[in-house]
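These are the structures in question, set out in turn.
Shared between the two complexes below is chain A, which pairs with chain B and chain C, respectively.
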Partner chain A sequence: MARMKFLCDADRCIECNACVTACKNENEVPWGINRRRVVTINDGKPGERSVSMACMHCTDAPCAAVCPVDCFYTTEDGVVLHSKDLCIGCGYCFYACPFGAPQYPKIGNFGSRGKMDKCTFCAGGPEADGSREEYEKYGANRLAEGKLPLCAEMCSTKSLLAGDGEVIAEIYKERVTRRGYGSGAWGWQTAYRESITS
Partner chain B sequence: MASIARYVRFAACAWIAFVIIVSAIPASAQEPSRVDPNASAVTEQGLFQEHNRIQGRVSIPDQRSSVLIQPAGREWRHFRNVTLRWIGGIAILGMLALLIIFYLARGMVRIESGRSGRTIVRFSAFERFVHWMTATCFVILAISGLNITFGRPLLLPLIGFEAFSEWSQWAKYAHNYLSFPFTLGVVLIFLMWIAGNIPNKVDVEWLKRGGGMVGHDHPPAYRFNAGQKGVYWIVVIGGGLVAATGYQLMFPFYLTGIEGMQLAHVVHAVAAVLFIAVMLAHIYIGTIGMEGAFEAMGEGTVDVNWAREHHSLWLDEQNARTGVNKTPPRTSATPAE
Partner chain C sequence: MLIKRAQRQNAQFARGGSALATPAEHGQGFDRRTFLRRSGLAAGGLAALSTLPLDAVRKADAAVVAGPLTSGATVRKSVCTHCSVGCTVTAEVLNGVWIGQEPSWDSPINRGSHCAKGASVRELVHDGRRLRYPMKLVDGQWTRVSWETAIDEIGDKLMQVRETSGGDSVYWLGSAKMTNEGSYLFRKLGAFWGTNNTDHQARICHSTTVTGVANTWGYGAMTNSFNDIRNSKTQIIMGGNPAEAHPVSLQHLLEGAELNRANVVVIDPRMTRTAAHATEYVRLRPGTDIPVLYGMMWHILKNGWEDKEFIRQRVYGFNDLRKEVEKWTPEEVERVSGVPGAQLERVAKLFATEKPATLIWCMGQTQHTVGTANVRASCIALLMTGNVGKSGTGANIFRGHDNVQGATDVGLDIVTLPFYYGLAEGAWRHWSRVWEVEYDYLLSRFDNKKLMETPGIPLTRWFDAVILPKADVAQKDNVKAVFVQGHASNSITRIPESLKGLKALELLVIADPHPTTWASLAVQSGRKDGVYLLPVATQFECKGSRVASNRSLQWGEQIVKPVFESKDDLEIIYLIAKKFGFADKMFKNIKVEDNLPVAEDILREINRGSWSTGYCGQSPERLKAHMKNQHKFDLVTMRAPKDDPEVGGDYYGLPWPCWGSPEVKHPGTPLLYNTNLTVMDGGGSFRPRFGLEREETLPDGSTRMVSLLADGSYPKGSAIRDGYPEFTLASLKKLGWDKDLTEAEMATINSINPDKPDTVSWSLDLSGGIQRVALMHGCVPYGNGKARMNAFGLPDPIPVHREPIYSPRVDLVAQYPTLPDAKQFRLPNIGFSVQKAAVEKGIAKQFPLILSSGRLVEYEGGGEETRSNPWLAELQQDMFIEINVADAAERGIRDGGWVWVTGAENNSKAKMKALVTERVGKGVAWMPFHFGGWYAGVDLRGNYPKGTDPIVLGESANTITSYGYDPATGMQEPKVTLCQIVAA
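Right after this comes the complex of A and B.
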């Protein structure tokens, strides 16, 4: 099976935030939550780069390791998903996550944490594929329809790549070889303990 | 006509500008240097060398999402999954083992002169209410807290995912809500017993004699002996610490960011497991560890002979205050100051 990954080619990202918007729309993401965001580093200075970031679906995911109720699971495509039925909204996955992916709707006690929400790689949740319950809790299940995450699919500069880790790494390597530069696969070292060297 | 003159002037300016630009281009364009837009670009490795996290700017309202990568969660994960379980396991099981060994070796500390049948008031109704309110909250907070650390490996396999999540959800609610009466209790304990808990010379003597834990020694003590003063200060300082750090976790981002919350959790958890271990000893000595001790917090009164053996100086004070003086002079006791 393919091992799904995200890769953001920072040398192509133009910070248009269309991935952020597309994700919110496709998955009907709750208010106040952004499963994906674009972070601009060294904004306005020479060497500025923008990176689109969401859950990286880590190998040996820290969120899953620290969850007190063990509500995470990894699909056979390597996508890290969780069950909102089991989640108790404790916040531990958020402390452990290097990418700030887990977020909580402010509906719990004292306006703090409800059930955690995060990027699903457009792969839904534990409910039956394409079911209404799945859509309401987790958003679209594009993977089950044979499609890739919408954020990457509609990226206008094809900066954001999603798909089989080996395939997207190959595409990125080819780009770097052709244009002669590349600032690397952001977050890969942290998420997968590997980086793309060309 | 004016409009024709303006057109001519514009055309002339445009021509001059074109000539200038064309003559300027060769200087830069003839060199076939490859532009490397990456020469000054930020890199992940470079940024990690400067800081332990990468932060930038986001244009969405959620400014907290401007932290791009923060691998510090890895150390916190190790603390939560490994270090804390060792500290908690050793502290709590170690204390339990010690208490069992002590109980088997020493047994219940009896009132050696037997019960006199006369009692003296030790704790008022208000003091007992505050104690039991704090104690009840503490027990529930301790169990629900231990569940978060030890529930997944120990309880989840026994009762299954759904039941464990349901229980943990309620435990979380209890943990959050009961933190308020617990904090109130710690504040009241601090204020109401501070007078009797300032360390003094008598405590040094009491500690030198091991609190009379071994043998039949009964070192003198005022209302609270050095051991009780220790418990008091552990409750005040430990309770204050767990409350302060707990509220940071309950109200994320009001005071600290994510590193602050990781640190708050570490302090909260270590303080809490040590607190639990100490409270096990406190519960032991207040119940099966010592005859006549539970009544102090139960009914609020203690037997006069119990008071004479364990809090001789306090009994003298009380008797002096009420005009009763039936305490036989104890040769070994230090004179009341």
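Right after this comes the complex of A and C.
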């Protein structure tokens, strides 16, 4: 059984933001909600590196552990999804998430939070695959169509990889061996409690 | 690899309450595109159901919708409109609505990838901020008019201007956004109207490249391809930031560098996002490219690293060059540019010895008063090291817009008719034969024969042509009307001056998907009337061919029909021509369906006339076959297997030159000037365009005549094993090859010049016979010459360093002054006087910071289109200026704080945010050039027609930029000026 993961090769990421707009395009994500973003460290200095971040679909996801209404579930592919019908917008998951993935639309005049929204690995939600209801609440379900998340598919430099964890780890290892350097699979230790060494 | 997610049968969650789950849940109203997508789904879902086989119905019923939301959608392919890489865009269309974008895995250029802009192009089509219908400014108010009224009134006014001031008083500003067919028609419209004042974005991006490179070795284009950079062992990127300007190209650069463990050197005043991935970064003072390149060459010559055999066989003027290089000792280079000698020696060694090496450049080199000379110096560095005409080498010039190479080739330009034929009588006669219109008719359209053969006014100076005294403008009258179709105004320098021009015009027509800063600044200038807005479709709503930077032609399909009341570029050009009364003549061989000229017919006309550049073999049928068979082309060589029935042996997109008629089946030329291949396999040689021999001065001062033809170098399989001039009927006769011409070909040649058929050349022969016969014998139709280190005829035949007009190094201006004032392109260029006055007035003391400008990945060009796209606008919401940490500290400026930037001319000022960073060196500030809609601290949002204002507005960099024009091309100087920054 595949275990879906993301891997961002920071030595390839050029902060072009294709992943960000591809996500917006595919899932019709409204202004103000960012399921994916690119973070740059040492901006403008030697050693500048960028990494594309979103929900990493953690093993034993901390968001699920803290959710008071138990709205999270992990699919057979290892994708962490949630039900917006159950979510109460409490924000606990945001504090638990090591990647800052959960997003909340503002509703009302007092900054109260709407239901949480986050990257679904382009795998929709609890509703029937490919249904209108699923699309309206969660966006696309590419996995059900046999496709991978659009952010990774459209990555300009093939920096962002998505797919079966073992396969993408192998691709990354080969790259590192071939070019002779690699700053590591960013976030893997935190999300999957493993690191990739070639 | 991918395992489809298991069907979840009724997961642990109840489905109740799903009616609530509308986009309203996101704190938004009913999202427009959800509506679009949903409306597509409703009908498509039904259609899909009705076509399902019986046994599938139950399953479909159970799953609500069997397939994905996009089932039943058709897939259409076009080309991204945001840079010259040429990424294929794959669109899913349902019921005429563009509902989704998928990765274009088959394209050998982008292999599924996009950048932020490419991944969001779908939004451009349904963008609610588009101009919806024609409008005109009436008493200061934008008022809706019909297309008929608009065309009628515009046409009448233009004809009145023509009557009183002559045809040259209308400025036709076209676009690199148009397809080849569109930009060709726009140029043809200029010719039939009777003016050479037809220009487009190439003027402000790579006009200096085209001029500099063509004057060196024949053609003004990228010599190799993005894909071919995968073969390089050393990549030098000098004056370019492809990580932001051409992100998908980085896929090829980075993968190539990883595979070859290649050296990647970035030479730039900013430590760019590209530099972050380099193995070596060289910081230079803006405007000192020539000293740095000569500094490299100094080390190359000192160490004997030059490619002596290559120079002997294929290069002219080496001794003249050597004298100039010798002046640039490491000490002098460091004094002028700030680059240490040891670092340059290291870079020079990599470039000359770890080969193949390529030199990549963009606007960091071209947008200067010395732009042409910069580009020439780069070519010379490549020639000196033998890094041209082989894979992994070359002048990899990354062009800007998606079709800027094509629009340049089809002659949407002030200095030439289509395909670089020039403006001399012979060129006009050639095109009158292709167009099947009397030469005398074309002549009658111009004010006089002299103006017909004189280059027009560069777009950089359209406003000077409006506001300068009439006596200073070398045509019948000043420019009185501007018709702009697809060009930003805020990408042109000296905005304060352009406001005066906008005010003084009698008529301004803006044809564009958006009102653009032309509209907001026209209102700001005080205009109350005489401005029309015509809604143009985006290129995704049109079909036709586009040329990527690597010279590949790609045919884009129409994804959806023009939205709102927008019209295709071709239709607008036709309607204007019809109003002027010459449509029948202009479209004689082009079918017009319901006012829309047929794009395929236009390309066929291009094929019939473009022998000089080898656009003759790319028929619409061949281009469409390439798009259909994209997956068959190799990633590195870009070639399809020879045995393929449809595209066998072709290079992807038939990169020009693709010689002969389509039937000749030339595969295209992936690398220019490559002697390692036969011509029929895409090989070639340098083009002899500048005579056959010339006097050269030797180091000892004596002179000798040297040949300008290649010496012992020739493409593989050539019947002539040495240099040779271009082919004419006479040369075929001399070789005894005229017998290979068919009777029909002979008849055509005789009809072209009945008196002297012998003079008919490969580029004038409309039968293609001369080309066919040259190819038969393994020869290049244009000849086999030497590349020129000494480009006699240019203002500086050997590149010479000249300080920018506004230089912070006042101490260097006397030693390295700009060229004397002169009249160029119908206007005075007073750069020398401006430079002198700046020194005398102590401008550098008042404005001590160098100001440069460049791109952001999220936006393109003037940016009105991309700043209207919420997916992009959200990522860059504020105009800013980068300022070095030390300079900011001196001025009490904090990161993210508001600042006033003031410029050296017109008391210019602009308000924006500060980005305090080490990305720029001390003494240098940098702005992105995509912003507009603010002027001198004032928000101009109210100047746009209601609902068409871009989401993000901001000050334009060009409010601050200043005087300075390249003498060979009229290129502006947005890369070096002076400014001061204070906290606001």
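Rule of thumb we're sticking to: the second predicted complex is superposed on the first by the 196 of 198 C-alpha atoms of A that agree within 3 Å, B and C clash if a C-alpha of one lies under 4 Å from a C-alpha of the other, contacts with A are read in each partner's own complex, and residues count from 1 in each chain.
The rule is short, and it goes like this: contacts are C-beta pairs under 8 Å (C-beta built on N, C-alpha and C of every residue); 3 or more make two chains touch, one makes a residue touch a chain.
This is a predicted model, so every value here is computed, not measured.
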Query raised in the report: Should A:D43 be classified as contacting the first partner (chain B), the second (chain C), both, or neither?
Result: both
Query - Touched partner set for A:G100, first chain B, second chain C, both or neither - result: first
Query raised in the report: For A:T190, is the partner it touches chain B (first), chain C (second), both, or none of the two (neither)?
Result: first
Requested in this report: Would you check which partner chain A:T75 touches, where first means chain B only, second means chain C only, and both and neither mean what they say?
Outcome: second
Query raised in the report: So, A:M53: does it touch chain B (first), chain C (second), both, or neither?
Result: first
Query raised in the report: Is A:G180 contacted by the first partner chain B, the second partner chain C, both or neither?
Result: both
Query raised in the report: Between chain B (first) and chain C (second), which does A:A169 come into contact with in this model arrangement: first, second, both, or neither?
Result: neither
**Report entry** Touched partner set for A:G91, first chain B, second chain C, both or neither
**Finding:** first
Query raised in the report: Touching A:A65 in the superposition: chain B (first), chain C (second), both, neither?
Result: first
Report task. Kindly list the residues of chain A that each of chain B and chain C touches, one partner per complex. Result -> 11, 15, 17, 20, 32, 43, 46, 48-50, 85-86, 180
**Report entry** chain B-touching residues of chain A, taken from the complex the two chains share
**Finding:** 10-11, 15, 17, 20, 32, 34, 37-43, 46-51, 53, 62, 65-71, 85-92, 94-100, 109-110, 112-113, 180-184, 186-187, 189-190
Report summary line: Counting only contacts in the complex, chain C reaches chain A at residues 1-8, 11-18, 20-23, 25-28, 31, 33-34, 37-38, 41, 63-69, 71, 100-103, 112-120, 122-123, 243-244, 247-248, 250-251, 254-255, 257-259, 261, 271, 273-274, 276-277, 281, 857-858, 870-872, 874-875, 882, 917-920
Query raised in the report: chain A touches which residues of chain B in the complex?
Result: 34, 36-45, 47, 54-60, 62, 64-74, 76-77, 80-81, 147-149, 151-152, 156, 161-162, 164-165, 168-169, 172-173, 176-177, 249-252, 258, 261-262, 265
Query raised in the report: If you look only at chain A, which of its residues touch chain C in the complex?
Result: 1-2, 11-12, 14-22, 24-26, 28, 30-33, 43-46, 48-50, 73, 75-77, 79, 83-86, 105-107, 114-115, 117, 123, 126-133, 135-137, 140-148, 150, 153-158, 163-164, 167, 175, 178-180
